[in-house]
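Each chain gets a letter, A, B, C and D, in the order it is written, and its residues are counted from 1.
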Amino acid sequence: MSSHPAAPALQVSQWFNTETPLDLPALRGRVVALHAFQMLCPGCVLHGVPQAERIHRHFAGEGVVVVGLHTVFEHHEAMQPVSLQAFLHEFRVTHPVGVDAPLAGQRIPATMQAYEMQGTPTLILIDRAGRVRRQHFGQLDDLTVGAEVMRLLCEAR
Amino acid sequence: MSSHPAAPALQVSQWFNTETPLDLPALRGRVVALHAFQMLCPGCVLHGVPQAERIHRHFAGEGVVVVGLHTVFEHHEAMQPVSLQAFLHEFRVTHPVGVDAPLAGQRIPATMQAYEMQGTPTLILIDRAGRVRRQHFGQLDDLTVGAEVMRLLCEAR
Amino acid sequence: MSSHPAAPALQVSQWFNTETPLDLPALRGRVVALHAFQMLCPGCVLHGVPQAERIHRHFAGEGVVVVGLHTVFEHHEAMQPVSLQAFLHEFRVTHPVGVDAPLAGQRIPATMQAYEMQGTPTLILIDRAGRVRRQHFGQLDDLTVGAEVMRLLCEAR
Amino acid sequence: MSSHPAAPALQVSQWFNTETPLDLPALRGRVVALHAFQMLCPGCVLHGVPQAERIHRHFAGEGVVVVGLHTVFEHHEAMQPVSLQAFLHEFRVTHPVGVDAPLAGQRIPATMQAYEMQGTPTLILIDRAGRVRRQHFGQLDDLTVGAEVMRLLCEAR
């Protein structure tokens, strides 16, 4: 029995940097760092996105999966997938990134709603059992993130 | 007689952060810092654009005019004016920015061609007589930029 | 049986920021981050010392003990304890710092020799069993340090 | 007639990085950037001293003279000349630095008193006529410093 909620499903309309769509149930047994961002959010461009890429590069060998999620909830026309694709290329983002599925007539996309995120950037750490163990809106320093990811890695499968 | 070339005209298809289009002849007598960038060029986002805004804020009282120029020469679809507008809003760019006029069938826009720019970011300093005194592709440190702008300000009108 | 060497004893001539001398055997059961520095080494002042203080502040609640070690091996006259004390005060170092015991007629102090350190800054991570698990000369990024400290914290006592 | 005060004489007990003592009257006709610091003042180590060195390197060709002044007004025993010398070596300070002359029984050294400085770091800009044109306690950004130095350089001798 656990007080940690199961991580809601990813609802993604388009993927970049991965040949096959990512699905949380298939990642059971691994630690997942889910990073929600918008390509024109300064806190994301300057802090969140590069940090997610650092997590990806540092922990890839230990089986951590970093998933970027483009959660557009403002300036929708300005951040269409064609712009996101160029952004990922120019800023050398190599980890998988999904476009959070837009909902007709709604400002906030589907996955962002399911996780009740407050804005971007948001970092969500999901444990090997598929539970949300940390959800943070804003910036976290690297010492904290490194420690928290490792804490989840240490847990038995 | 001078060895410094006259600054080519600005060819702009759309302006932001100004109610009236900017025109170099009308700025004769003032020092102009022309800053060419692309909204998805990391060197521009991290260095060039914030530096241009610092020049704008620091030297506004001394009559320096900072003009941003969005010179899209790659990923054209990704950096349309609707995206630029959101970028300027989110990154709090307050100085005037023009969209360098696209030329049908050509990758490089009109003003970028006229100045023979090599890429982005490029900083161009134009003196009170309308001549290009400095054109630099890449990054210049603030100490250098502050000194060079002031050197032009010191020249008699 | 382990391939990890037991951490040599701390040989300290003077302590700051602690009322009682620190002794590794007494810290058995806890994770120790031993940080060797010189107060006039730029890599220490700009990177190593502030990182050690961040480790101290972040992990204090989890029982990690951060120990600074002032390993003077050059400019000995310039970095006497009276200068170190002012440095610690001015740079707001709050974790315990010991002066590595000088050896008569030798350039390199006692603990630095025992650990065979190559220079400063050096970060040494000691596990709950008192073994050296990591010894790094130079800079380590915070993501790595946060993860490595947590990995040792996760090990059973 | 001018409202700018004449720069008080430098009172220096020991010089580093110069074979001959520096004297303001002998620098008449040149622009002088006088930078007061303490080697254990974090704002000096992290900001003021590197900025002074940047001014030195950038403007050397234009005849600007950068003079560091070690104005010890606290922790006197900790910042003796032997420590300063090692600091200048390790932090690669190449511009001339003088030790502000201590006054018997007084906490604040002679030149610091004459200029009525409030603390460190302090940057003082002296024009070609030997007058104090700017005296700033704290940090100034590079854009401002570059512009102010150039403004003085532009003035006729």
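As a convention for this text, a contact is a pair of C-beta atoms (placed from the backbone, for glycine too) under 8 Å apart; a residue touches a chain by one contact, two chains touch by 3 or more.
These numbers were taken from a predicted model, which means no experiment stands behind them.
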Mutual neighbours - chains that touch chain A and chain B alike: none
Neighbouring chains shared between chain A and chain C, ordered by label: none
Most widely separated chain from chain D, with each centre as the mean of CA atoms: A
Centroid spacing, where centroids are CA-atom means, of chain B and chain C in whole angstrom: 50
Cα-centroid distance, chain C relative to chain D, in whole angstrom: 35
Contacts with 2+ other chains: residues of chain A: none
Chain-to-chain touches, reported pairwise for every pair that qualifies: A-B, A-C, B-D, C-D
Chain B contact footprint on chain D (complex, rising order): 54-55, 58-59, 141-151, 153-154
Residues of chain D touching chain C in the complex: 40-42, 45-46, 74-75, 77-79, 82-83, 85-87, 89-91
